[in-house]
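Below, chain A partners chain B and then partners chain C, in two separate complexes.
Our next item is the complex of A and B:
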């Protein structure tokens, strides 16, 4: 088990290094740069050249990358070109805000998606139904499960961009929730205020995840239902609900646990669209600003932070998988 | 409460000339003189009055005796002299404060008087100093001496150190969220009734990157005004809110700026590309101007809210617009005939024009990605030119990438939205003069590449140095005529400018100038309780 986690840790370090390096090189190779972007149309060629010289943008890619590597090894990710501040000063606050949003969305999606998956999976496995009262309950359950599946399909096909646009629109039209931002400018800063601002972005991020978890869990549950250990447990007279919520659920968690890492990583590395539309001051918004300004060191810093989150998410996912299915760690 | 799209990059308006910095500077900084955005007239601001010498070279400026910075330190002539020195230390700003490549001299005659000497007669005179914020010498002198003025007043500067003579002071900055401004207790200005300005106790600037979200916040009462224009595609929803009396929508009429199409006219920049034989010819641009239906353009790109234009000066610039500017009619057949004169004809009957060598008449049109009026505009241009047999490939690039291509002259054609920094043509000489960096189709020429550019150079130089206003107008009319005949830049439509504010906002005087149209005079804006 220890060797397994050591391997995963080495992979995580490599992932962070590879993503950061690639983002620096790609940002540097892309046409245009901070000097021409910030000085704009009409700037004299000589002024742009001076700015490039001052900012070190006229150096070769190899030299720039080498210097960045040396500094990064000492946890110095350079200075943001547009803010003229160390990148390491700019990232933590945004990363914290993204983490608040992402982890809440994940918890919400898990708490809603998994039980819904159990309900629809149970129906698919034929564990509901029978004659008389049980039959009526089963038919009602079937209608509910069908409705859940339909909603899931709709949510799965809706990208968070559209969901957030719709939710922001609904918030503006109903006046029930704040339209964007993290706190209110007047009487803001309380936990209640923060929570009210979180509703729209969390819902935008969580709804597609709810659908994904429901679908995965449902499929896994229906497959687990046919497993010999489930049939044997039921034959021993263990109540169906206990079999479903204790034995089958644990066994069916494997597919969900295996995607958890990617989901955590993707969420934590910042959802550009959701953060931009809901004006959430997170990593995604910071990276978008950096990309627009061609602030290569800030882009790299954001990518590095995102990849750290992705690596951490993958590690958590591996740990969850090892707990659910210890054979994974033995391979 | 208002919203801006982008996080500020600095609080130093000398270094970054972007809209966000301009909006924030309008709250905390002030200048010697101000151009009234509604009347277009120069007004005394920190300067109480001035006199001009007979030769037009020397201005003696009297400062307001009660002017001070937000920390209570008196604002004196030495601050003005210092500010000019600070501006000249920033290369990109220095060139905007030069006449004929030479700098202005400023001298503090006494604490309330500053003498400004121009190197040559300059018709707009002190109007040039509208771009110069008056900075606190007592706070920044050491920074200027150490050569780091461009690094001063950055985002890490504590709010208490951001001292200015503007109506507000920064109280709090939450990165990614908002900036909170409070009243400057030492502000010098009073209203006509003698009441202390500004009227507002507090201004909150929220950072909201998405334009749609900004407008939804406005509609739901979570912000009070737009800091930019309402895009054409959002007009309908804002109009509904205005009809329901929850918002005020201002139609300011056609704007001062129209999006522009130009070709790379730098001689030799196309190397051995045989297309140079027709791509850099006047007839191509004249044919394009004839081929594009400006009414269709206004309807498609601006949903009908725009007026046709045929030159860079739009009817919104009342003082300098020349109604006699030659206009190209919408005439695709004549456009095709004109193209035939430069060797472009449909030689194989496929509907596409070919050059003398049989190569299709095709060029790439660059524009900025993510700007819907530009993206819709290039689509209309492509479709209209297809009708006369010209093939247009569209390439939408990021702003920086596009500007780099323009500066390096590595492009065929560009469709973009350059904006004027002043309505007075002498203040925009960088555009008209062949040596100018804003003469983007062939910038920074050592000697004029064409006869008509030389003619324009001569007229603009005369116009810039004349202090006879009628003579200036006559000279500039001629410039516009020559420009329209050769069309180095083709303009199609000047869009109407719409801005919106909450109904509780009073005293806002919306103006056409790009920048904070509703907040250019922030000290007199108020909200009804």
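Our next item is the complex of A and C:
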């Protein structure tokens, strides 16, 4: 178990290192740099060269990378060229905003998706047979499960880019909810204000996940039906609903836990689209402006922050998987 | 439901293939008096209740500043079939163009652009999915067949790409080049990026399949009959992964469609005069557009329908891998 976590930790550290190095090198290799982008076409060559000299952009890639690496090891990630502030001042704010968005969406999606998946999953053949009472209640349950399934299928076809477009459209049309940003300019800053701004982006990010969790959980539940441990528990006289919501649910958590690691990446990708459309001031937004301005240290900082999220996410999901199914750690 | 999905896809593909015929106008034709004009609905009954051949009421600009239009109910403009190679268009396009899905901020017909955009968006996604499949099958096949150190190295590499948020990888790779590139280069570049990002999803599954198939008797039989490694892998083992690859492609295509749209939406995809679903959405990226010109969101609706179609067709092949999306 410990060896397993040590291995995963090494992977996580490597991830952060590789991603930030790669993004610095890529950003440095890109044509044009901050000096040429910020001064514009009209600037004289000498002015650009001078700016390059001042900002230290005229050094070779190797020496720039070495320098960055040494300083990064001391937690100094350089200065943003366009904001003229240390990168480590700029990142936490937007990283916090992205984290708020992504974590809320993940929690909401899990809390809604898993129970819905249990409801649709227990309507499958094996469980219905166990219930033994088809009657009116059974039929109503079937209709509800069918409805949930259809909604899931529709939501699965709506990635965050589309949900956020449609939700912003709905919000703009009805005027019920704010459509952009994180706070109002007037009377902003209260918790209620923040919450009302969160509804659209969180829903946009969470809805496709709800559908995904529902489908996965439903599938896992229906596969649990008829397994020996379920039959044995039922035979002991434990009520069906208790078997479903306690024993089978626990056993069926594995598939969902195992996609959590990948979901973190999906969440970050999805939150990029959502942040852009709903003007949520997160990492995605910051990285986009940095990329456009060729602000290489800020780009690298954003990438590093993103990869730390990712590394933390994979570690947590590995832990979750190891708890749900200890066999994972032994491989 | 499966049939409905197939029908959706078929209609889209046919409409995209015959875009110059189905769409009433060329993608760059600007109707200067009709910026952001709403959709013109085809009618067959006029206000007095009598029947006519399909016609539209022309739009009259009610407010230049707000770009508000009113229907001019007094004149009927007949729609004509097959004039100059277009399926259906207005009989006097200059005065009263036929906008099935409205006009964009340059006065271009959204419906025509949507059809041409389908060519680029779908074409790009399918080519990229084919590339990802080739690359993934190759890497996965080699890893699964060779085993040992090579297997470890290839799979560590693909695990690494798998956990990265693909959107950011695409973004970083894209921005390593000039911000504005000619359309063909963008097409080639995005195809390449998507293929690399998508390949590990194929590779992982193909590796597992090749590994387990290799243990089976038929593989040993083929090997003992003197089949070379290449022949054994390509002729005998890889075909076992066909079903998996088919399912995986239907998962990759939607994510590529959306990724193109996202990149073009933020201005790092195709340059403007090109009609792709992403560049069209880019036009719609103001709050004003959301509230007042909702027809500009029709590429989003088109994307939804295509993805829904794919999901409906594949819903029976539901393995858990279907829910892991690369982008």
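As a working rule, the second predicted complex is superposed on the first by the 314 of 331 C-alpha atoms of A that agree within 3 Å, B and C clash if a C-alpha of one lies under 4 Å from a C-alpha of the other, contacts with A are read in each partner's own complex, and residues count from 1 in each chain.
Keep this in mind: contacts are C-beta pairs under 8 Å (C-beta built on N, C-alpha and C of every residue); 3 or more make two chains touch, one makes a residue touch a chain.
The shown structure was predicted, so the numbers you read here are calculated from the model rather than taken from an experiment.
K.L.:
Label the relationship between chain B and chain C on chain A in the superposed model as either fit or clash.
P.N.:
Taken together on chain A, chain C would clash with chain B, as the superposition shows.
K.L.:
Which holds for A:157: it touches chain B only (first), chain C only (second), both, or neither?
P.N.:
Touch status of A:157: second partner only.
K.L.:
Contact-wise, after the overlay, does A:288 reach chain B, chain C, both or neither (first, second, both, neither)?
P.N.:
both
K.L.:
Under the stated touch criterion, which partner chain does A:120 make contact with: chain B (first), chain C (second), both, or neither?
P.N.:
The answer is neither, since A:120 touches no partner chain.
K.L.:
Return first, second, both or neither, reflecting whether A:314 touches chain B, chain C, both chains, or no partner chain.
P.N.:
Once the two structures are laid over each other on A, A:314 reaches chain C alone.
K.L.:
Quick one: is A:276 in contact with chain B, with chain C, with both, or with neither? Answer first, second, both or neither.
P.N.:
The answer is both, since A:276 touches chain B and chain C.
K.L.:
Quick one: is A:179 in contact with chain B, with chain C, with both, or with neither? Answer first, second, both or neither.
P.N.:
both
K.L.:
Applying the document's definition of touch, where does A:168 land relative to chain B and chain C: first, second, both, or neither?
P.N.:
both
K.L.:
In the overlaid three-chain picture, which partner chain does A:30 touch, first (chain B) or second (chain C), both, or neither?
P.N.:
In the superposed model, A:30 contacts both chain B and chain C.
K.L.:
Once the structures are lined up on chain A, find the stretch of chain B hitting chain C; candidates are 43-51, 205-213, 277-285 or 421-429.
P.N.:
Clashing stretch of chain B against chain C: 205-213.
K.L.:
Kindly list the residues of chain A that each of chain B and chain C touches, one partner per complex.
P.N.:
Residues 30-32, 165, 168-169, 172-173, 179-180, 276-277, 288, 292 of chain A touch both chain B and chain C.
K.L.:
Of all residues in chain C, which touch chain A in the complex?
P.N.:
By the definition above, chain C touches chain A via 160, 162-168, 171-173, 175-179, 254-255, 258, 261-262, 265-266, 281, 284-285, 287, 290-291, 294, 297, 300, 303-304, 307-308, 310-312, 315, 318, 320, 323-325, 327.
K.L.:
Which chain A residues qualify as touching chain C in the complex?
P.N.:
15, 18-19, 22-23, 26-27, 29-32, 153-154, 156-159, 161-162, 165-166, 168-169, 172-173, 179-180, 212, 215-216, 219, 255, 259, 261-262, 264-270, 272-273, 276-277, 287-288, 291-292, 299, 303, 306, 310, 314
K.L.:
With touch defined as at the start, can you tell me which chain A residues reach chain B in the complex?
P.N.:
Per the touch definition, chain A meets chain B at residues 30-34, 36-45, 47-48, 50-51, 82-85, 89-90, 93-94, 97, 165, 168-169, 171-173, 175, 178-183, 185-186, 276-279, 281-282, 285-286, 288-289, 292-294.
K.L.:
Provide the residue numbers of chain B that touch chain A in the complex, in ascending order.
P.N.:
It comes out as residues 1, 6-7, 9-10, 16-18, 91-92, 95, 151, 154-156, 174-178, 180, 204, 206-210, 212-213, 216-217, 219-222, 397-407, 416, 418, 430-431, 437-438, 440, 443-444.
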